[in-house]
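Pasting the structures in now, so scroll down.
What follows is subunit A paired twice: with subunit B in the first complex and subunit C in the second.
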Partner chain A sequence: MPEKRPDSEMVHGVPEVAVSSTTTMANRTGSWKYTRPVFQDMVAPCNATCAIGVDIEGTMNLVREGRLVEARELLLRENPMPATTGRICDHPCESSCNRKSFDQPVAVHSVERMLGDLALEDPLPAAVVRIRTGKAAVIGSGPAGLACAYHLVRMGYEVSVFEGDEEPGGTLRYRVPEFQLPRVVLDREIERMRALGVDIRCGVRLGRQLTWKYLERFDTVFLATGAHRSRALGVEGENLPGIQYGLDFLHEVGAGRAPEIGARVVVVGGDSVALDCARTALRLGAEVQLVFWGECEKLAADPAEVLEAEREGVEILYQTVPLAIRGSEQMAEEGAREPANTISAGISGAPTGMPMGLECIRMTLEKPDGYGGDPIPAEDGRQVLSAQTVIIAMGEEPDFDLLPLDLKHDQVRVAVDELGRTSKSAVFAGGGIVEEPHTIAHALGSGKRAAIGMDLYMRERAGEKVEAPSLAGLRYGRVGNFSITRYRGDDPVRRTGEVNEVAGVERINMAHFAPMPRRVERRMKPSDREGFEEVNLGLTQKEAVAEATRCFNCGTCNQCEMCLIFCPDVAITRREGDKKFSISYKYCKGCGVCAVECPRGAISMTREGL
Partner chain B sequence: MKKVMMGNHAVSWGVKLARTEVIAAYPITPQTQVVEALSEMCSSGELAARFIKVESEHSAMAACIGASATGARAFTATSSQGLALMHEVLHWAGGGRLPIVMANVNRALAPAWNVWTDQNDSLSQRDTGWIQLYCESNQEVLDTTIQAFKLAEAVDLPVMVVLDAFYLSHTSEPVDIPDQEAVDAFLPRRVARVKMDVNDPRSFGALATPAVYMEMRLRQQEAMELARVTYDEIVEEWGGMFGRRNGAIESYHAEGAEILLVTSGTITSTSRHVVNELRARGEKVGLVKVKMFRPFPTEALRVALAGVPHVAVLDRNISPGHGGIFAEEIRSALYDLAPERRPRVHGYIVGLGGRDVTPAVIEDCLARTRAAAGAGNTPEREDLWVGVKS
Partner chain C sequence: MSQIQIKDQIPTGELMSSGHFACPGCGGSLAMRLVLKGLGPKTMVALPACCWTIVAGPWPQSSVNIPLYHSPFETAAAVASGIRAALDMQGDQETTVLAWAGDGGTFDIGLQALSGAAERNENILYVCYDNEAYMNTGIQRSSATPWGAWTTTTPAGHPEARPKKDILAIMAAHRIPYAATASVAYPVDLIRKVEKARAIRGTRFLHVIAPCPPGWKTSDDETIELARMAVLTKIFPLMEVEDGQTWRFSMEHPGDPVEPYIKRQGRFSHLGPREIGQIQLDVDARWKMLERRVEMGI
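Take a look at the complex of A and B:
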């Protein structure tokens, strides 16, 4: 308490300073206002762009406050595998982060990874009690299938997951290289799901060991068989021996069987599969060239990973279009240089690889000095890249052969609605076989949406009178993914007057923030990268907590007290119990200073009397 | 410790040594370096003050008012158009009895646009309730800045420290920097008698009806009267500690003078040079420097000027439609003297918009004064413009 103000001495019957003798509390300035500030928490752009539907902002705030246990509980509500996504999600949350307009976006994935890794150290949870009568089958144990099973089990259902491969994980095990996602991490996250009650049966492939007839014993089925049929390159010579397709190659490596490759490998493709094939081949001992028809920035992969591939020694030939694959005889006829000796790759030890070559042409821009213009073949741009192995990674598509005939699809995707419902009653679908980007986040998100759809379906089937929820209300913002928390209506982050609108950058008062560079994860030195050890070493816990303090907490009051400081009427006070703020409308005269000064746009002005 | 510094930095040093707590300012030529140096001192941590960036001079003064009302020691600096923009809030500081200190670098007002020195900017704020102290050298600027806080806080009135554009603001001179410890002894932390307290909210600048308003103005006037006496004491105390005394007025070679120049600001130093030359030639010419303009040192000037036949006032300012502002105030102050002891006041307008006031210009003023005296005439007009093209 400041010292009590001494009453000023009265001279000539007046005080020295023109200060009222009575308290201003008598003057109810609130009667002057025609606008009224209200605490109204909004949706942070990261939440609205997360394809999983994680409350990222809430998580960041808990981390900032050092409440790491609560933070990872909040994260695990929506995302069954944060240690995995912290490593390999393409984090659209960071692209939409308002902080990018200030310095650099918050490294959300690093914080997520730290929380996920912390959760890996926890003892396994107890099984969830089955409080629902329904039984669900999930076909495929990739991220979509696992997410669906996880959420259903947590709701109290009995769930069986059927996996065609020998081990669970789908693309996470058979597509993502181990140097990006260590298998111990994946195994532990799956183990935690199993402990909760997710029953996973491996080596059971739909159409072979598993029949549609058998599935009739379940109340509902979730199809998440993924997209793992490789697209063809469509050039002459594609049927030659020594040619492999990217997904098959990665699958073999993921299964622990080293595929046979030559000492020189050429990869053709322009996405993260192509990049991972190149880096994997490099680790198997090959010299690797990656042929990509576009410019560097067109490569559909994380730029940081492209840089890593180049640092490791992958030679990327940009703007190079493959024309044909030549066999050794043709090569000899054309007098091409004999490639180096073949190597024996990995476990098999068999000498492999037929000498062959990829004929391609380097492109250049029509107007090299000007803007625009179409790419045209460069003069002397034709070349033959010699190799023993050519890996084709031209993208993937689902395999519909094993799906029921009456399931509506367009040969590319199975048609589903917001809740993953297919044309066939009781059958839901998600992941790589539906119309969505092929990312882990979209897969986890579609599994969650289907879990909600299946919950509604099974409850209705069990005779419960189910009131359909407002699906728009389940989304973060207008286009974000569904939130389990919103579906259950039990948000542990007690928000005030929540509105489902995104707090854009225009709501942020950046005058209240100081520049602070984004923390960069440590990576293993390229020279030390041998085998499949993880390259990205992440941030320390301390660094990750510090990174979370960079979060603007867009749209959500984090009790920073700026409103309290700036209110010229001292009309804002802090409550004793929940520590949140109250506005005394008796004194608030509606000046709007609090709304302008709020660093994160959590105060809105409304018309008085409406 | 002696250091060569420009007048603007002498202000900054004074503000730093005074352990100012809040600084809010908006840059304007020729004041900019005052706050530039202060912002660096704040960011390096050598001055533990809150530096508030603002969007205008009006806001700068408003921020100082808020800070001062909570009991903090607050400072701003400005010049010319910036000071003019502050006009409304200057009254709030004066009437609110807030001991804010402001440095104003004297610069001519536009139009025509001009960044050079004259006194019309500060003199236009004569009636806002601010004490005004005009400085002659960079040393005086530093000393006065520190004294200004002591004076302001003793009488609860704001103080404007005034220095000439470029002649002081941008000219480097050796300046003796007093020890922090000595300054701390001279100027302890501010103890506000009345201050804002959010836990006991009161209305500051509250409504006063005709029944009480006049008495509040009277109290302000009494505080101004007290400031005269208090400033003399402060000058004495400072002189005792640091050996430098720059009082409200200063007489220089005034003994037996037939003509006394009256000057303020840097014209004073040029005039000292002229007086020295003329005295060497046996002419009875002296000088009175006026440092304090508000409160006006009426009594001191009466004592200094009574009985001198002719007073030549050099005004680097003009009240259009009347005359030089110092000359008019001095005429008014001397009016009550007995007619035989009342000097004749010759008012000269010089150096507007930064025009050089050289020894030749001052000698011209003296020659005109002598000519008028010889003829036994009163001046042909109240404002005599010297150094202008015919």
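Take a look at the complex of A and C:
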């Protein structure tokens, strides 16, 4: 017989059949950890490389969620003309897109264009109420000037823009061909800025109708006169008649005047200006050859546009160096390989250039196997290209003749700091006259930075005690452009524990994504391209929204719940109400599974106790 | 959307609570959490000795909010059969009886009870969470330990010399209505299989790969990645077998090379290129065999 048990049902403090009565929640297993996960939103690489400083990731996320109105408001905070940049920006955001390591980068520009075009259909906005006393003058209505004026007006200042040409837009109107940027798009975007209160006066050129004396009535001035002077080619025969410079040629076309060119045109150059000159001359009816000294991939233009130019019929001669331009007499003497046409009437009807020729030489690599070596002239590489017009597009530089003498500048640029301040108090500068790549995006970005600088300057002058913002904190990442949203401190995108570091590709967990091909924009067939009609037809709204779903949303939590599902300790929960995720550090053991499984790097591990 | 969305496909109810005593990054505890999401609160567990004996908590605690019965090592299937019989006596057909055992309690010690229950086609769901050794007692080899692996009983000088036992084929050979494999890295697939198994009567068997950071000598945060790589390399393919005859793959297996998977784990760190090449050959050969099974039925 077993011994009789005590009356109590407990043996050594435990009942005969032990039945649990409580959960394990009393155990603070969180005390085990030595690393701690935190939700920490980072900067997407697209944001950090956007020269304008657009919150691209935030915009893509709103489009993905179908919130198109909010998406275009977020876009318009930073970029005054998305329909324009969606068409002609060189989109470095796409080159830095983390998705390129997975399949192809997200077509950011197509989504931007769709949003920009939607915004064009919106009714014009009401004028911004002037809440500031300062008055600013902007010289030049190109992208830099317009961006500066736009941001200042939105901050509540009175701004006058002075434009030397008959119509506003600067380089957007007089340099970018209409087949890339239809004038109705540009006009409507400028109209929207005017509706907000940007006052643009055209036909007023600095140094002629507009004097520095007159400008003294403004509190501050933004110089954005751009780079219009073409560089010379520097070969014999450059002063012959029948030679034009690329920017002058495009300016004439942009102004609606057909410049005189011959039936055969040779363009010399290696950038998008050269390419646009070639395609424009083609549309004016000429047969066009483009001479470029480098290899195909060295051409400083969007490869897609190079392809389009070739499809349209521009013959590009790569690795060909121009040596001299020959007049008709010399041509006859030397016996050109291809005899020049007899004198033909210019396209516009007026008699134009004598037959002439561009003498050039084809280069080849010293070691033909492709492994290095310097380019050397090819045997039999000499040729003379016959033409009636030679267009030289060797790059551009600004014209500083009209600047005040005490403004510090060298041959090609005005010295400015990161807020666009020049050496002269109250004078700011940006766009083509400062040291920056000559792109539309950089111009828009420099105008924005100057607007911030001018705001600080004018508020200080008005006697306000201004606390200078941390400029590093305004940038997306370490080198991105300033964000107006960050400057104003009213980000509509909900962020958690934001850090200003870029979420690189190593932070993306690609296992959570499925391949999805990048959507390609429709373009008009080369045979259907007539005159200056827009070539690129973009994506439909549906396609663009689908394209936005390809975005990884690098660095920013979009509530996909991966962390919550994979936590072995049930330590991540979604709060009722604001739906935010929270980590219970009482129980989180710091394993780090959530940080590894986060598809977009929005969770970081930090050392416990620090 | 390009991201493979899982959030709306995972039941939100939680039957497991925080504060359990599993190691950081434990694949086995996540496996239980996901399986219980698929089964819901009408579940009773028979639990033999295994890691989960500890994870479930010391009396008077329990980390699962359902009845869980601790039982001797070799008896999971027998105890589950008994619970099932008792429920049947009570007229309760709704409750699922879950036998939850590790690889030791399934492949080795509990195999007799499991085989008996399967042969009788007991109406239970048997889940083996497989961390490929006796981890709870200090990483001793089991018959689930893969060829070449280090354990405390198969030291690096004499690593595991036998291939992993083909438990799925053994269970299929019992002609039970449903047997399947799953991975904690594929929660949607895992829960779909649990829900499917729940709706079937008879013996159902689920084999879940559950990486173990201390036993595999990996960092705590790699659990899901390893569970995913095991599938993508075809080392642990996701499959279903119905009635022991119809074999099916649950997804496309790209067949990534095994080397990165092997190299990430300290338990394989003594292996050279020749041994890793041998593992690749074995995986490829086994895959061919599985393809034949899928093609012809066994």
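By definition in this document, the second predicted complex is superposed on the first by the 570 of 610 C-alpha atoms of A that agree within 3 Å, B and C clash if a C-alpha of one lies under 4 Å from a C-alpha of the other, contacts with A are read in each partner's own complex, and residues count from 1 in each chain.
The criterion applied here is as follows: contacts are C-beta pairs under 8 Å (C-beta built on N, C-alpha and C of every residue); 3 or more make two chains touch, one makes a residue touch a chain.
Bear in mind the structure is a predicted one, so any value in this text is a computation, not a measurement.
Go through the superposed model and pick first if A:11 touches only subunit B, second if only subunit C, both, or neither.
In the superposition, A:11 contacts subunit B only.
First (subunit B), second (subunit C), both or neither: which does A:87 touch?
After superposition on chain A, A:87 lies in contact with neither partner.
Applying the document's definition of touching, compare subunit B and subunit C: which contacts more of subunit A?
Here the partner covering more residues of subunit A is C.
Should A:570 be classified as contacting the first partner (subunit B), the second (subunit C), both, or neither?
both
With both complexes superposed on chain A, which partner does A:562 reach: first (subunit B), second (subunit C), both or neither?
A:562 sits against subunit C, while subunit B stays out of touch.
Is A:24 touching the first partner subunit B, the second partner subunit C, both, or neither of them?
both
Quick check for you: in the superposed arrangement, does A:519 touch first (subunit B), second (subunit C), both or neither?
Neither subunit B nor subunit C is touched by A:519.
Residues on subunit A in contact with subunit B in one complex and with subunit C in the other?
Touching subunit B and subunit C on subunit A: residues 14, 18-25, 27, 570.
Using the touch definition up top, name the residues of subunit A that touch subunit B in the complex.
Subunit A reaches subunit B through residues 1-2, 4-6, 8, 11-25, 27, 570.
Along subunit B, where are the residues that touch subunit A in the complex?
Result: residues 95-97, 156, 193-195, 197-206, 208, 212, 215-216, 218-219, 222-223 of subunit B touch subunit A.
Note which residues of subunit C are touching subunit A in the complex, please.
1-7, 10, 14, 16-27, 29-30, 33, 57, 59-63, 65, 184, 187, 213, 219-225, 228
In their shared complex, at which residues does subunit A touch subunit C?
Touch residues, subunit A against subunit C: 14, 18-29, 32-33, 64, 511-516, 549-552, 559-562, 564-571, 584, 586-587, 589-593, 595-597, 599, 605.
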